[in-house]
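Below you'll find the structure I mean.
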Amino acid sequence: MSILVDENSRVIIQGITGHQGMFHAKAMLGYGTKVVAGVTPGKAGETVHGVPVFDSVHGAVKSTDADTSMILVPAPFALDASFEAIDAGIGLIVIITERIPFHDAIRIMAYARQKGTTIIGPNCPGVISPDKCKVGIMPSGIFEQGTVGVVSRSGTLTYEIVNAITESGLGQSTCVGIGGDPIIGSNIVEVLKMFEEDEETESIVIVGEIGGTAEENAAEHIKGMRKSVYAYIAGRTAPPGKRMGHAGAIIARGKGTAESKIAALNEAGVDVAKHPAEIAELIKGG
Amino acid sequence: MKFHEYKAKELFGAYGIPVPRGVLATSGKDIEGLDYPVVVKAQVLIGGRKKAGGVKFADSPEEASRAVDEIIGMDIRGYEVRQVLVEEAAEISKEYYLGITIDREERAPLLMTSAEGGVEIESVPDDKILKRHIPPFSVLPPYVLRDASKFLGLAKEEGKAFSAIARAMFRLFEKEDAELVEINPLVLTSKGEFVAVDAKLMSDDSALYRHKEFQGMEQDLTPLEREAESKGIALIQLDGDIGVIANGAGLTMATLDMISLKGGKGGVFLDLGGTDDPEKVKEAFRLMKKAKPSVIFLNIFGGITRCDSVAQGVKEVLDEEGIDVAVVARIKGVHEDEAKQLLRDAGFVAVSSLERAAEETVRLRG
Amino acid sequence: MKFHEYKAKELFGAYGIPVPRGVLATSGKDIEGLDYPVVVKAQVLIGGRKKAGGVKFADSPEEASRAVDEIIGMDIRGYEVRQVLVEEAAEISKEYYLGITIDREERAPLLMTSAEGGVEIESVPDDKILKRHIPPFSVLPPYVLRDASKFLGLAKEEGKAFSAIARAMFRLFEKEDAELVEINPLVLTSKGEFVAVDAKLMSDDSALYRHKEFQGMEQDLTPLEREAESKGIALIQLDGDIGVIANGAGLTMATLDMISLKGGKGGVFLDLGGTDDPEKVKEAFRLMKKAKPSVIFLNIFGGITRCDSVAQGVKEVLDEEGIDVAVVARIKGVHEDEAKQLLRDAGFVAVSSLERAAEETVRLRG
Amino acid sequence: MSILVDENSRVIIQGITGHQGMFHAKAMLGYGTKVVAGVTPGKAGETVHGVPVFDSVHGAVKSTDADTSMILVPAPFALDASFEAIDAGIGLIVIITERIPFHDAIRIMAYARQKGTTIIGPNCPGVISPDKCKVGIMPSGIFEQGTVGVVSRSGTLTYEIVNAITESGLGQSTCVGIGGDPIIGSNIVEVLKMFEEDEETESIVIVGEIGGTAEENAAEHIKGMRKSVYAYIAGRTAPPGKRMGHAGAIIARGKGTAESKIAALNEAGVDVAKHPAEIAELIKGG
């Protein structure tokens, strides 16, 4: 078991013929992910590292029975690419693209919820179930199969923490980068629920950051969970009113501070690490 | 992107939201054609201008002229006032709050309104604010307007006028890719008419590509931040002295936090994002140098970023222009070994643990 | 509500969909200002006009004039032709099909297109039709147009022109509350331009209240059906002789089916709907009498309908105007006992089983 | 057990102060339904048969913890009333209103699916779980508690058939009038799934009619079901191209005939009654 993706996932890449598309298609294939097709309008018939390219998601799904899509198209085309994947019956869409307008993201999420499609992202590193399947852009080498579930709002910070977990001798069941934008397809609570159901996951790590109230909501949810949850929150030293690099990370109108998140998590019995590497020590200690 | 009040009001007017008559002025000589009394308001992209003396009332042209000249040039929480908005003062019968923003958890637009207008909405108790989600893709549903009018205790005609404003506000919110539209206070005059006496508007930077008309607008940024933005790099100047370049907002924040934990203080947040373009990395170092940090901490954990490309950029900028402060580099991820080799060849200390790197950075400052 | 071809084309034109130049004519004298050849088409709200001789080509004004006069007055499957549309004939290079309708199961608009245009879409094999749902609330997504252009094998410029038509069609579909918009054939001329050579449009009767401009349009109805419609009663004339008044479409159909099972044949379907307004019941009986049925079967199973009110209406119309054919009444539901008593007092046979009531009805006919 | 509504359902009526609203509020109260509130804008503070009236669904839900709504407002206001109920967190909405424009119905269903709200209707008689709860406009007297689940596209025809079932000595677990319009919130297959899960339901009756392909789809689904299914289809003698009273019942473009539906159901092993009363005989025989 694992959540969202595993050895049976049949993955397409929307935007496979771009620079990043080709790079990550190769990396994913190398990791063992069943990349069954790519989609780039106008490039049907081409192949990328042996993967056939289609003009449309409908065409790709019809020919390959794909159930998962990774979207790497530029932001102005992400709404359309997402609608296309949702309508073609893809069950899980991982949107890597960053800087998708909020109003587009709202529409994507509304249509996905209406059709029962799970969305991870946008602006995220993707999902990996180590040694089974990687649908994302994360560096494969730092992951190892194990029992820690990781859910993270951050990209590279996740790698930092996963690396620490792996180096401490623990591995991951699945690592989900949910994305740093204010509007995301699956939030921390939703992923926690999946991990709670997953037999392979024994403990869970939340990588949060300033902005929004996702961690506070997670804390509330954790009070009813059986599994141990650990957390790290980035942005303790971030000043209010400044967007720290992407739209999600902002302390606005007095809300979304690291203090508030850490206090809520502590109150729910979650050990919060002071720096990334400490997470591994906490899990081993707990 | 934050809008100046006067810019927001221009847009409000275009959408049919009633705003006071007014003129933008840079000196006391610019005021013409207004009825008195007026209010003179500093145009700065930061809150708290009233407390700082940036808002003055005037009963005559002479008084107004004087007020303008007093406010122009004023420093409000670090921002120099270069423009003021001089507006006819509304006769206030009642002040309301009306705002539309995005609810992250619900993934939908959220309308908020309160009869306690004119004060910071954060200070209004929750039960005095009506909150209603707006179905994505939809127009503002009639029931929301009905609930709002009732909640605010508006008479029938007032409710109609209020609803027209709310509908216009939602149209603006949708069409202009806004993150936040806010009228506080929304004034009901003694004649029974609504006027948007203040206007707050933030639009989505990610949607700028479809709003060319907003490009180049003055931003709430330092000169260096503005320069970085024009080059597509996220740079934020902070209170401390240590410069942090990392890839990813979370990692950059975590690096700053770690520096603080080790007794240092971050002076520059520079997020390279997912780029591995050596030219952009060079640009980032050039910008960082301009901020004159005591020491630079480069923290790269590669995913979509190819570490060797980043390292190539660092090496080139060093070769071409030199760097006169210490640089602590930590690099990990795709093509990490090539990157480390490149950096070592360039004379950097390549530390592998974040914690130790932060300690080293703090040690090397000043 | 079905639109005549010429009416549909007026709307198409208003939405920017290219249609041939043409004039509506009621006699051969009405044709002016057209280039030849032209095509003269009977305007009737029923299919199969071509087979019935209702479409003729003409190379000159004289020929066209003759064709108009030949077609006017023609009987096409029971419909008298009163108007013809005379249009400049398009030079046909290729014929396509393009339609938007509502998919019941998906609860969403559905776009359908095929390169096999000009024939009944029902006769085109499924793999020759591209079907794509359109997200509710949305505009026509670009990917749908891309898929369609590719599926039809259109060149780039053709694809753009096709997409503009499809987008206009979807706007029309949404704004005019259409159930079906169809262009068949959508012709690509030898000059590489698209023209909607035929046009089919059905709008939603339930949305008529927000489309006052459609009210009073000629409908695919008999004079009696039209009269019933104007009075808000659903009446349909059928081939048989027995008149059925029931409440609810399903029950009315089931009653007709039962009559057929017992050897009779329904002549009038009259659905009272959820009404229990005695005035409306009286109106229903008046309409039914005009259809001259051999016998009337009243079948009421009350839910939202109060049986006593229905019975009251029946009694009143009988008292005031009399009924010269036998009436079999079956009534059940809310206030059923009062209703039965009323009907018995009025001289009806109140049968309680639907099956026996049907048998009785068939026995009493003519 | 039963489906959709039971003795715990807390029901509001939107449009309670109208003629039909008052009439059916009384009937539902008389049946034992927990009608906890009514909603009519501008009439807050009034009562209807002792039921408090609110200005808004949000207000009613806040004060009464209602989980179910019956909508009786006129068609032009049904879209707004539905959005209001969905947004206020109502879990089950029964829309009685007829002649709601298709395009409005599409929007209602899209928003409901997005928010996870179940819709029954529009243009339907409602739902009743005999002796437990009635949320609808059907005559109460003909229903009796039992083991037959009924799902119907029709209104009064349902009463005809339920009456026959009851008179034959059988009763109903739940009777669901899904409505006769082309766009409805819950279709036959969706209700069949609920009945299949319901312990109290032993056999199921489908009351179908001409128009659409709902019965054909149901037939396909029934092939995988354990419970016995019976059916009646109205409109065997209906001519093509004529709408039989409401928009759903039309044989259009050769589709939606009674023959096609009956053939599909027979092929799935469903006994199809020739006339309404025969349903009861078939169940007793089966």
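Chains: A, B, C and D, in written order; residue numbering restarts at 1 for each.
The criterion applied here is as follows: contacts are C-beta pairs under 8 Å (C-beta built on N, C-alpha and C of every residue); 3 or more make two chains touch, one makes a residue touch a chain.
No experiment lies behind these values; they were computed from the predicted model shown.
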item: Target chain C, source chain A, minimum contact steps; value: 1
item: Minimum number of chain-to-chain touching steps separating chain A from chain D; value: 1
item: Distance-maximising chain from chain A - centres being C-alpha averages; value: C
item: Contact-richer chain pair [B-D vs C-D]; value: C-D
item: Inter-centroid spacing, chain D versus chain B (mean Cα positions, whole Å); value: 51
item: Separation of chain A from chain B, taking each centre as the mean of its C-alpha atoms, in whole Å; value: 27
item: Centre distance in Å when chain B and chain C are each reduced to the mean of their C-alpha atoms; value: 57
item: Chain C: positions in contact with at least two other chains; value: 135-138
item: For chain A, residues that touch 2 or more chains besides their own; value: 107, 110-111, 114
item: Chain contact graph, described as a line, ring, star, complete graph or other shape; value: complete
item: Residue ranges of chain D touching chain A (in the complex, touch as defined); value: 110-111, 113-116
item: Sites on chain A touched by chain B in the complex; value: 20, 23-24, 27, 75-76, 96, 98-107, 109-110, 125, 136-139, 142, 152-160, 163, 180, 182-183, 187, 207, 209-210, 212-214, 217, 232, 234-239, 242-249, 253-254, 274-277
item: Contacting residues of chain B [partner chain C, same complex]; value: 136-138
item: Parts of chain C lying in touch with chain D, wherever the complex brings them together; value: 102, 104-105, 107-109, 121-122, 135-137, 174, 177, 179, 204-207, 209-210, 234, 236, 238-239, 246-254, 256-261, 266, 269, 271, 273-274, 300-306, 332-334, 353-355
item: Residues of chain D that touch chain B when the two form their complex; value: 41, 55-58, 80-81, 83-84, 86-87, 107, 111, 114
